[in-house]
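Right, I'll just put the structure down here and ask away after.
Chain nomenclature is as follows: A, B, C and D, assigned in order of appearance, with residue numbering initiated at 1 for each chain independently.
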Amino acid sequence: MRDYPEKPRDECGVVGIICNTDAAKGGLSAEEQARINTRASVSAYHALYALQHRGQNSAGIAVSNGSVIRNVKGAGLAPDVFTMKTLSELSGYMAIGHVRYAGHKTAAEINAQPFLIETMGEQIALAFNGALVNSEQLRRVIEHRGGIFQTASDAEVILNTIVYERLHTRTLEDAVLRAAKQFQGAFSILLMTKSKMIALRDPFGFRPLCVGRNVDGLVIASESCALDAVEASFGRDIRPGEMVVVEAGRLSSYQASIPERGALCAFEFIYMARPDSVIDGQPVETSRNLAGRYLAKSSPADADIVIGVPDSGMSAALGYAQESGIPYAIGFIKNRYIGRTFIQDTQGMRESSLKIKLNVLKPVVDGKRVVMVDDSIVRGTTIHRVVRLLREAGATEVHMRVASPKYEHPCYFGTDVLTRDQLMATRYNAEELVRRIDVDSLGFLRQEDLPNVMPDLKVGWCDACFTGEYPIPIVAEKERNKNGRQKDERIV
Amino acid sequence: MRDYPEKPRDECGVVGIICNTDAAKGGLSAEEQARINTRASVSAYHALYALQHRGQNSAGIAVSNGSVIRNVKGAGLAPDVFTMKTLSELSGYMAIGHVRYAGHKTAAEINAQPFLIETMGEQIALAFNGALVNSEQLRRVIEHRGGIFQTASDAEVILNTIVYERLHTRTLEDAVLRAAKQFQGAFSILLMTKSKMIALRDPFGFRPLCVGRNVDGLVIASESCALDAVEASFGRDIRPGEMVVVEAGRLSSYQASIPERGALCAFEFIYMARPDSVIDGQPVETSRNLAGRYLAKSSPADADIVIGVPDSGMSAALGYAQESGIPYAIGFIKNRYIGRTFIQDTQGMRESSLKIKLNVLKPVVDGKRVVMVDDSIVRGTTIHRVVRLLREAGATEVHMRVASPKYEHPCYFGTDVLTRDQLMATRYNAEELVRRIDVDSLGFLRQEDLPNVMPDLKVGWCDACFTGEYPIPIVAEKERNKNGRQKDERIV
Amino acid sequence: MRDYPEKPRDECGVVGIICNTDAAKGGLSAEEQARINTRASVSAYHALYALQHRGQNSAGIAVSNGSVIRNVKGAGLAPDVFTMKTLSELSGYMAIGHVRYAGHKTAAEINAQPFLIETMGEQIALAFNGALVNSEQLRRVIEHRGGIFQTASDAEVILNTIVYERLHTRTLEDAVLRAAKQFQGAFSILLMTKSKMIALRDPFGFRPLCVGRNVDGLVIASESCALDAVEASFGRDIRPGEMVVVEAGRLSSYQASIPERGALCAFEFIYMARPDSVIDGQPVETSRNLAGRYLAKSSPADADIVIGVPDSGMSAALGYAQESGIPYAIGFIKNRYIGRTFIQDTQGMRESSLKIKLNVLKPVVDGKRVVMVDDSIVRGTTIHRVVRLLREAGATEVHMRVASPKYEHPCYFGTDVLTRDQLMATRYNAEELVRRIDVDSLGFLRQEDLPNVMPDLKVGWCDACFTGEYPIPIVAEKERNKNGRQKDERIV
Amino acid sequence: MRDYPEKPRDECGVVGIICNTDAAKGGLSAEEQARINTRASVSAYHALYALQHRGQNSAGIAVSNGSVIRNVKGAGLAPDVFTMKTLSELSGYMAIGHVRYAGHKTAAEINAQPFLIETMGEQIALAFNGALVNSEQLRRVIEHRGGIFQTASDAEVILNTIVYERLHTRTLEDAVLRAAKQFQGAFSILLMTKSKMIALRDPFGFRPLCVGRNVDGLVIASESCALDAVEASFGRDIRPGEMVVVEAGRLSSYQASIPERGALCAFEFIYMARPDSVIDGQPVETSRNLAGRYLAKSSPADADIVIGVPDSGMSAALGYAQESGIPYAIGFIKNRYIGRTFIQDTQGMRESSLKIKLNVLKPVVDGKRVVMVDDSIVRGTTIHRVVRLLREAGATEVHMRVASPKYEHPCYFGTDVLTRDQLMATRYNAEELVRRIDVDSLGFLRQEDLPNVMPDLKVGWCDACFTGEYPIPIVAEKERNKNGRQKDERIV
């Protein structure tokens, strides 16, 4: 097995920028004109920067100037792909952007989005967050029409399906509506033609998507933190099953599909989303703090201090401390320069490499009984080493508290946790977990408390990774492994 | 108008490598095994290096190991795109490679070949040299089926057409045969599945394609110089209209189309091909030498020395000297390090930049009446400055002799000379040419001598750029400009 | 004035690795031999990674294999300069490494350390953290002997001085001892010959330096967090005025100078050092927590929550909350991907760029009276914008508490705060500060509490930036500006 | 032994640009002002481009704007190191530039020139072509004064010596004059202060150096081809032993040393210099043609065609053909894209890699008795493979003619041929050479003809590599190898 990271990764973040064109009229200084020309690309860049946590392997921005769409994308973080020079060449008033996680570099380059295609003289750009559970079937349908696939991406399936429907509809909107009915799974989609932007969220609302407004115009993004980054005020969430069309400054809303029971990914609150985002009414940070509080109630501990595992365990740790009355402390220091992958390639240093990334504040934990709060245990590949760091630093007891329920089932809706045998909580029972992680006690958030930590959520949620109750029936995993392949294993 | 280069550029070179798999069996040392694993990719690389003159903007290699095809491509020269590490990761026994000329960097990256697609569970890689004259029509047909285009490349049109035919045929070969009948224009194509390679040359044989054999197996390439580079002996040319299939070590030949009158591009001999290649029976170097000799007969000059404009005017200059009896001399030195484009970007040095690339041997030409031989005058953007260099160095007379007829008509078969108004010989009459180039006399190879300089050519040729007689009827240029677009202007 | 950063920057971090050579003897597998060969370079790399916060502009490692020293250095972070390939080429058993802050790229490249010189057949490598206050005088002495300078670095002055003394001494140690008496200022120095390492700390002990031991041998480093990174246990601090020599596995200690009153930089505890380091007995994190606690006592506030400005204000904020009883909260989210400089280059986005780096958790602060704790106010260039973010997010009151005294005097001992007029607390009185920063109240740590926040510190400290009482007399600033130059302004 | 290249490599090329400052006065457009500001750096760049054949491993340019000197240098070709952006930042009116050959990358980076140092408040930049034979002694003298060396370059020795003399002289010129008397060996030196340029050529005139003039001012360069590149007309050669000073637009000449018998390197004419250069009165191309002619007289052959080995054997081949009456032909094609080193790294392809670089025109040589002319045989590592190519292509006889005498003695004056045992003509007698190279006959230029091929040379020459008669006594090679080291082996 490859060296899978401990946590699931969200496979994408999307952003759409639509600037007012009346601002572009007349009598401007050269400098002001330059700002006007690049406000779409620069805003898209800043928004991607804010969404970078949703995908670090590729980044791309497509910009329309009203008559043609240009597209730049590549492997790496947004600042690796774009320079001010690149952005200034992407002149236009409307843009979509995308960041993506991918298993390896080749996949990153070729599957990078936005996709930009042309058909019947019309350019269409697409940025997509999610995963279709019926993509293989849709691919087969397209292939039986003579269609070809240059990538392994569901985005190419989506584009082909929309374009085919476009042959039988008067407008692109109608084509999207017809195609949307064929897509099963999680999808938050942005489509752009030279003059129009279309946003579409699946009827379950698996992945977040919201819209806001700033002085330049409208902004659509996976998370509200991207609105903040471009000084946009939050407008509203795109509703599950809603299609929003922006053209000539007007925003129209359509019912693309009859909304099912909402199935917003609960793991967005636990780990994936940025704490400063608010998704479907629920602030992420508040949710994490509450998770800590409920955890303190259901899994108390007799200890001296509560510490969190950086970064995403910190909020829950604070909540745990506040609820339990045990003092909160900063127990770990994370190396600020982590993110350059070279560290983990170093031979013979694999075991110690954790210490390079994460160090314990020995004076804080030495001689203490410690409650260590982490957001989740998914693959569980490194957690025992984190515990060992604490013990080596003198912690007399380590009580681990996990701010989410046991992660026991694969996710088919846009993360990279695709097989059951990667999941630690599936492979070991409670007793084995305690022994393997080497903690004095271990507690998880109770499934029944999950609703309590998302009190302001205005839609339903998906907790299939905890419960195994998938909102959409999933083909048995075994069969899937025989016929299908994991996405990134197919290098096209 | 952009700063078009003086000479037309061939848009592509292709290579196919098929290694014997029996060599791969058993009992090998690790080093020998490594050599076996990379012989396809390394040979493809070396062959591309030999074909580099046919395209400097992108390079790519796709390799099959029998069960999967992997593909690496990028912008730049072959050595920019590939390292030994990249090649060693392209493990396999069969490969196709491609080099390409493109007008700008974006086009280079996205249109880089080979293309690798998947349909109905089958991977197909394609490398293509040429240009279809009916690609717009074919695109429209595909689009009406719901097909989408991610690039502006004819290669994508070709792939879509073949794949669509594949739906109705038992074998890929049959699909290629059906598709080939729909392609109009110049095409030398290499197709590769995981177990099979197919080479196809258009019925006119516009672009060269030949096959050879070395110790590792078979080699197919645009020019025979690529066979030499991988120690392969020349086998034969793929015939116009022929389809060759190599599978399981066996080579089979099919008649893909009824061969028309041969129409091998005569300009391959004049400028495009490497002098050490032999195309359809005719050695390129010999042809250039003959061009100089016939030029000496039809356009004699009273002069002291004959010099050639590097690099491609040198052979004809020698031939002119040999026929005329006027001593041959080396009159120019070309900077060996040219090829890095930065030089031409330097502000305020545009005029003098020629001298950085090309310097005159003053002691050779000073006080002499000089015959200056160049291979052709196409756009004529720099030739007057070359003449000025000679005069400044003391040449008392400059008699220009051009080793090809007047280039007066656009080419639609795989070069970048697409509009008439770029052509110097079209815009000016003989007298104006002499005045603009500022020579004492000017002579072109006579059209009627063209056959004489290709005495060993075994097929017919296309000389439409000189005569305007296109082997395939061409939609009037004016209309084309209205409906169509120049390839690289469409950035997809 | 250039866009100076808000906080002072430490100009360097150093590390020395001395591996046991007996481990290298005989009978090893190829893999184990490779690990042995690179353990010095790889350990130096990991240690630099842990010291990266002390300098992000250049990195370098010099390695001795017992007979020759090789040196690799360059501009950028350690992972930008080194790859596993580079490190594996730096084979040897002993290494010194260096990270450095520099004002611009040119300065970064040419002034990168370690320096490696040769004289009298002996190679000497040097890594230096600090700043000499008499470097101009020493330069003049050297120049009057005919010496030349290729850089603006004090390291070159130090090397020249030691090498000159070496002419008159039997051993390098003696030369260092004689030279050390001439150096005035802050210096933590590592010197390496092919067989010996020398560590030297100035008599005031301005900059930290400590030694530890792991399975491979000895480790010397600027901060103890680097010992942790290479699994070394802390041994002891190098004492002010001490010279340590390691040769043939033996460590010897010398009194290089009569220790003055200790003058360890107090700002190391406030901002510069990593929280997980322990310097001269005092854990950094504990010191920051105490600063918050004392601040709460001397500057109480009537508020609803206490939040810290990331990253270095977090500990003090927690201490403030613990002492005051006001609930601690997470109020800001810092973009994890900051550090790529492109963001700040974006035209027309300067004002908003803070929001891209730092976002407020609106649900946390909305409607609250907030105590905002930061570690210090130095240049004060952005703090008012941070406050504005809080107000925009709905904070009803903002009470700023600064976990250090007013920073009113330049530092000449190894940071980049060289002129008084950059300092906000010098330019404005208390009332003006409140108005400019736009807070409801403003409190600083009292100078008299400074000793209280470093209770375990075993040496004296320098607080000249707060008090103006320099441990070494400083030439009046005005005169200095006339005669001297700021270091990085001299581009050599 | 490392894979030494066949031919000796000149270790450097230098250029100096001094622009008129009156041109810079007043009333200019922004564009014109930009051109004025960068004319020194851009001209230096273009001149280095023309001198690139003298060194491909590093390039650098130092520019003075009258008050400060800035310096940019790096590993690689000039276009690898410089972009238009870099050049535009090197604003100024005076520049020196340097290209250098080095054995490996590390040496290339650290030893790259120009060197820029500062002493006594004065910046001095230096570019140097040549080699001192007493550099070890001078180093020792400097080291005994306490001097240190950061590189293995003689340039650092030269700078130290000049700067030390500067302590005892009124002007830099006087210091250079005093220092020059201490330098033994080959040196063509350019020194630049912020307001002055000094050019110095050793009393033997081993390496070329000349001066010219263009519209911008004065140009000094290693070869006249660099004058051509910047549109400068040739003025005169700097004389052996002459020091030229340019300041405030005035050029002054001094006698730095009593000129010895001239000792211009004869190998400059045979291989090193560009054919379009004229050195000390002798055009290089003419010399090569004459070498072919004299070779034809002394070593006739009964053959059908004469061909040259590209690139430097072509002129002599033509001369041989002209003198002998045997037809000249183009027999080899050299891959235009050679120069990227990757090709030679390919495993298992070492033997065949020659064919990738050099291909035979089979139709030209097949069935022919061939005279193959090359400029020299030095290390002789590949010549037998070139001959084999001809035989494989069908040549019935191969008569090799070498346009220089037997190269039998090491060179200590600025090339990389430092040991006798690398030299093929030293290791084998005539009969063995014929057998090893596998030719039907072998002829060298006679030593007594050497003067005849440089008829216009106005100074004496060094032919020690052919005769062993060194103009300066050389310490016996054996002793040198014991005490000294080869330059690049010392990595500092």
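Just so it is clear, a residue touches a chain if its C-beta (ideal position, glycine included) is under 8 Å from a C-beta of that chain, and two chains touch if they have at least 3 such contacts.
Source: prediction; values computed, not measured.
A repeat of the B-D interface exists among A-B, C-D or A-C; more than half of the contact pairs are identical by residue number at A-C.
Most remote chain with respect to chain D, judged by CA-atom centres, is A.
Once the centre of each chain is set as its mean CA position, chain B and chain C turn out to be 59 Å apart.
Note: centroid distance chain A to chain C, computed from Cα atoms, is 36 Å. Centre-to-centre spacing of chain C and chain D amounts to 46 Å, using the average Cα coordinate of each chain.
Along chain B, no residue makes contact with two or more other chains.
Contacts between chains, counted with the stated touch criterion, involve the pairs A-B, A-C, B-D, C-D. Against chain B, in their complex, chain A makes its touches with residues 68, 70-72, 106, 115-120, 123-124, 140, 142-150, 159-160, 163-164, 166-167, 490-492.
By the touch criterion stated above, chain D contacts chain B in their complex at residues 31, 34-35, 38-39, 42, 45-46, 49-50, 52-53, 77-80, 82-84, 87, 225, 228-231, 274-276, 278, 283, 285-286, 311, 314-315, 318, 322, 327-330, 333, 335-337, 339-340, 342-343, 345-349, 352, 355-356, 359-364.
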